[in-house]
Amino acid sequence: MKSDRKHKGEVAGSVHRVGIGDEIYGLIEKLYPICRSITGDGVRETLEIMREHIPLDIREVPSGTQVFDWVVPKEWNIRDAYVKNSRGKRIIDFQGHNLHVVSYSAPINRVVPLAELRDHLSSLPEHPAWIPYRTSYYNQTWGFCVSQKQLEQLTEKEYEVCIDSTLEEGSLTYAEYFLPGEMQDEVLIFTHLCHPSLCNDNLSGISVVAHLAKHLAALKRRYSYRFVFAPGTIGSITWLSENRTQLDQIKHGLVVALVGDDGPFTYKRSRRGDAEIDRAATHVLRHCGEEAKLLDFIPFGYDERQFCSPGINLPVGRLTRTPNGCYPEYHTSADDLAFVRPERLSESFIQCLKIFRVLEQNRYYENTNPMCEPQLGRRGLYRTTGGTDIPGRELALLWVLNMSDGEHSLLDVAELAGMDFDVICSAAGELLRAGLLSPVE
Amino acid sequence: MKSDRKHKGEVAGSVHRVGIGDEIYGLIEKLYPICRSITGDGVRETLEIMREHIPLDIREVPSGTQVFDWVVPKEWNIRDAYVKNSRGKRIIDFQGHNLHVVSYSAPINRVVPLAELRDHLSSLPEHPAWIPYRTSYYNQTWGFCVSQKQLEQLTEKEYEVCIDSTLEEGSLTYAEYFLPGEMQDEVLIFTHLCHPSLCNDNLSGISVVAHLAKHLAALKRRYSYRFVFAPGTIGSITWLSENRTQLDQIKHGLVVALVGDDGPFTYKRSRRGDAEIDRAATHVLRHCGEEAKLLDFIPFGYDERQFCSPGINLPVGRLTRTPNGCYPEYHTSADDLAFVRPERLSESFIQCLKIFRVLEQNRYYENTNPMCEPQLGRRGLYRTTGGTDIPGRELALLWVLNMSDGEHSLLDVAELAGMDFDVICSAAGELLRAGLLSPVE
Amino acid sequence: MKSDRKHKGEVAGSVHRVGIGDEIYGLIEKLYPICRSITGDGVRETLEIMREHIPLDIREVPSGTQVFDWVVPKEWNIRDAYVKNSRGKRIIDFQGHNLHVVSYSAPINRVVPLAELRDHLSSLPEHPAWIPYRTSYYNQTWGFCVSQKQLEQLTEKEYEVCIDSTLEEGSLTYAEYFLPGEMQDEVLIFTHLCHPSLCNDNLSGISVVAHLAKHLAALKRRYSYRFVFAPGTIGSITWLSENRTQLDQIKHGLVVALVGDDGPFTYKRSRRGDAEIDRAATHVLRHCGEEAKLLDFIPFGYDERQFCSPGINLPVGRLTRTPNGCYPEYHTSADDLAFVRPERLSESFIQCLKIFRVLEQNRYYENTNPMCEPQLGRRGLYRTTGGTDIPGRELALLWVLNMSDGEHSLLDVAELAGMDFDVICSAAGELLRAGLLSPVE
């Protein structure tokens, strides 16, 4: 099925880009070493590097700011951290892997008995070589994460423990990138950027979204697009609080995260369950050529929790590959540069663009000749020899004509026909040009 | 389950008729040799033979008449056609099989080089002995259809090609038969009659519908019935155009076609999807004793396309056995007198009558004793010994009583009860006579 | 999942009671020998014994009273019955088993030829050792029920037949027990008590319901509870007729019967199909730890037929284990003390209480912090270390918060979350105490 339209410069145009997976992976490599958290210089450093790709608007929200039921916490920064043995050797070393320190650990610098140290250590017995990822944002404490092997080698009576961190008045940092479209109606794309050296969760989301933004910037857009990069939970809450008066402009939204692994695509519906974004994403994934998973909304996961809280209730879904908590490497040091792959990142990029394309093109039309079928053959739209099978292109024309009564969108037609949206959209284009269809406002 | 009602003379009565299959088949045999098309004397000859069964009202609509987006085409007639080899032998001969000529072929009479001839030939490589059926109604050209064997035997440099046809101002011919009922509300039965020597598609439909009309003429009818025999597509469009002011009298409609093969019954729902005809046909086929197929509406197939176009949107479904395009013999010379069978035609006839019977009998009633169950035993309607299993007849009484609240039709009750409509209808009859039910107007 | 609430004295509290199965079984043993019918002293004797457990309010409705379409029949009592052979030996003896006499048999005392006697005998050829249960309440006759073995031993020419029964003006006896709650809104629990020596049908229902009443009497109740013990069909019709002006107080109802056998739980939905009792029972049975069966309403079964007649249409469902007619021992002497078991009775008792508990606790709430999630950690409701899996208790908190928009009841939340109602209910309790939830009136 070949469209005769030329939309190369539009969101509806071709989405295949050679090498995009490598570009996305390249940014992940650059950002991987940085120790991010929900606040601090790691976030700022990350955003500066991303600015090489898109002109991000960076915002700072001061510690202590009330954001709905929450308060923006103190800013956390860390320079160094280690546990030294009696010979002065760093046996746990933040310089080796920033996952070793529990995020938001308070400063400490003293000799600690093994028993006390153990109370501040996390490990993964079932994966003895991996370091877990732990945080303690709102309960001031300190802690280290270690491999099970490291844990088992702790045999001395006491250890020198140092975390050279600061917890001070400062700010929470997030970034926005806004692309105006023909309409003020917005598509919101959100991804969390608070995780330290973890690739799938969520450098994959950060880099795919950054490249989506870069790509969309060059295209003609019906919708305006707003990309938000912010820390998880407190970041989306802060963003919603700061933008609470403008939320009604958001017509569709997508949280993008965990899009670099080998797992199948997983779309989690918005709380509304049947929002247009839900139907668009469902359609695209059903036609993506591999088995995709569709989940109903649950109030656990990433920042869709906040967008879909009962008082906000925006039409925001979530696209991941394997969801949070559903792969062993999740929130461990094994979520590294080998765990995400350029091909997967490229596929994720493409599916997102396809979803946006459905949103862009999903319109209501009316058949201008609704009494019986119009004579397509006379207009050169139909084969002239009868008695043979109908080609898919002609069947798509008939579907669009039959269902274009002002009550069915093109996505409705595609779903009823069991055909790909692009085929239906292309048929609508032919019929529009033939004057057999008119848009419904 | 035995009904004590005597409706022998009603649509609701017994539908089994010994020998009906042979009668239906007999008419097919008579009509098989005629070369029909969307216009022309073949159609007229066909209708004259059918008039031996039912007093058809034959209509002629002049070429050039505007019918919605279409124009009634010139009338096509053909006397002879052939391809002769250098020895003057007819190697393709319309006299041998009228499928050999592409329907609506323009006249030609000249020697043609093989290469040019080949461009005007259709064959079926996968079925080398069969002749395909092809038409070119609206693109003036000429062509022959041949078996693959015939095609392969064409080795001479040129051939004498003759099609002795005419394409002239004339008319499109269709026929109606109207049976008035107690109500002006109509049931429309449509079948296409434009196909030449093809038995299942659609002499089976023509003959079954003609015999349905003959049978219904002798019965008491609540609904009026209108039978239309017309060419496919242009015929239904013409009929709809000519009758556009009276379409609101059509309460239910059925396109009947392809009803003589060995395949299972296939009902295709109207565009509305849940019209009463859809529910009646679905119910009847679910209880027909073999597996039937139920299809949602698609805007491809037979004349239901026009009845179900968005501006018409009548409650018209379609009954076939194996649908168009779903059996290898479809639109080939193998759809011949051996392909259709009297038993199958008889079964199709009976299922149609059963569908009409549901429409006739499907009423709303109110239980006149809605507070608790009425005492059926006192009225002789219920077994007097307790403790045993309930017979189906009594269960049907309880279903009708329980659901007759003015909101459920008998068909609703049958569906809820999972019982055959006839059993429920019979129970309603018993309750009516006992004064326990009253009809809702 | 552990609730921190202390509701020991409420319907919502713990329902496990050691030994309850034995208590329920004990009452069945006591009532088993009594010959009950739809009227008569057997019913009165039964109710007197039950009064040892609950202070039943016993009602007498005189013979001849019009109850909707029915009339309360004459009262039937029986002292003795037998068939004697020529040697004066009782070969069929009511004293041996009261099922031997067809319930409501008219008196007879004469010598009867074998052929005539045979016309008045019922047996079960497929179960030669079992005596069937038969009744003839509204068609005056006489009859005996015998084992197939007994039937086959009848070889003499004539027999002395005696049924020492009376059919006289008297009354229909039923009993009520009313437990007032905080609200006037009532939960109706109905069970039939007209069956003679049959244990599952329905001494199991009688005894389980009596013990439910006894148990609920000691608990704090939001709803009022009305327990009705009455004969099948004529009893529920009489009760509905006598109470017709107060039926709108019944918000939920349950017919309980056949709850002592080894079969799975079977809930039959009310005629409404989606009443709260239907949803509560469905939820409880889906979480009961074994496969339960859920049936749509059909107008056949027990007294739900009357409660769900179209003019009454109360939200009354039915809980059984194996339903009527679906086990071979049904309505035979094999439905004896060995057929019902204390464990099964105990489980049935518990499931009923769980259903009542859902009704008691199923409220609508509003999240008082609906904009984004409230910070649960600050309130001690959420783990302080991030990065790990979420425990079920916390997930339940998130579900209740997310769905508490005044539109979803706790049962809705439980169904959406796929979690047990108790877990959701417990989470709601925590949130209420934290001020994060407020009840919707």
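Annotations for the structure displayed:
A, B and C label the chains in the order they appear, each numbered from 1.
Methods note: contacts are C-beta pairs under 8 Å (C-beta built on N, C-alpha and C of every residue); 3 or more make two chains touch, one makes a residue touch a chain.
Everything numeric in this text was worked out from a predicted model, so none of it was measured.
Two copies of one sequence, subunit B and subunit C, touch each other mainly through non-matching residues, since under half of the numbers at the interface are common to both.
Subunit A and subunit B carry the same sequence, and matching their CA atoms takes a turn of 120 degrees, rounded to a multiple of 5. Per-chain CA centroids place subunit B at a distance of 54 Å from subunit C. Multi-chain contact residues, meaning those touching two or more other chains, do not occur anywhere in subunit C. Subunit B meets subunit A in the complex at residues 67-70, 102-103, 122, 132-139, 141, 233, 236-237, 240-241, 244, 271, 298-300, 305-306, 308-312, 325, 331. Contact residues on subunit B toward subunit C in their complex (touch as defined above): 367, 369-375, 377-378, 384-390, 395, 398-399, 401-405, 417.
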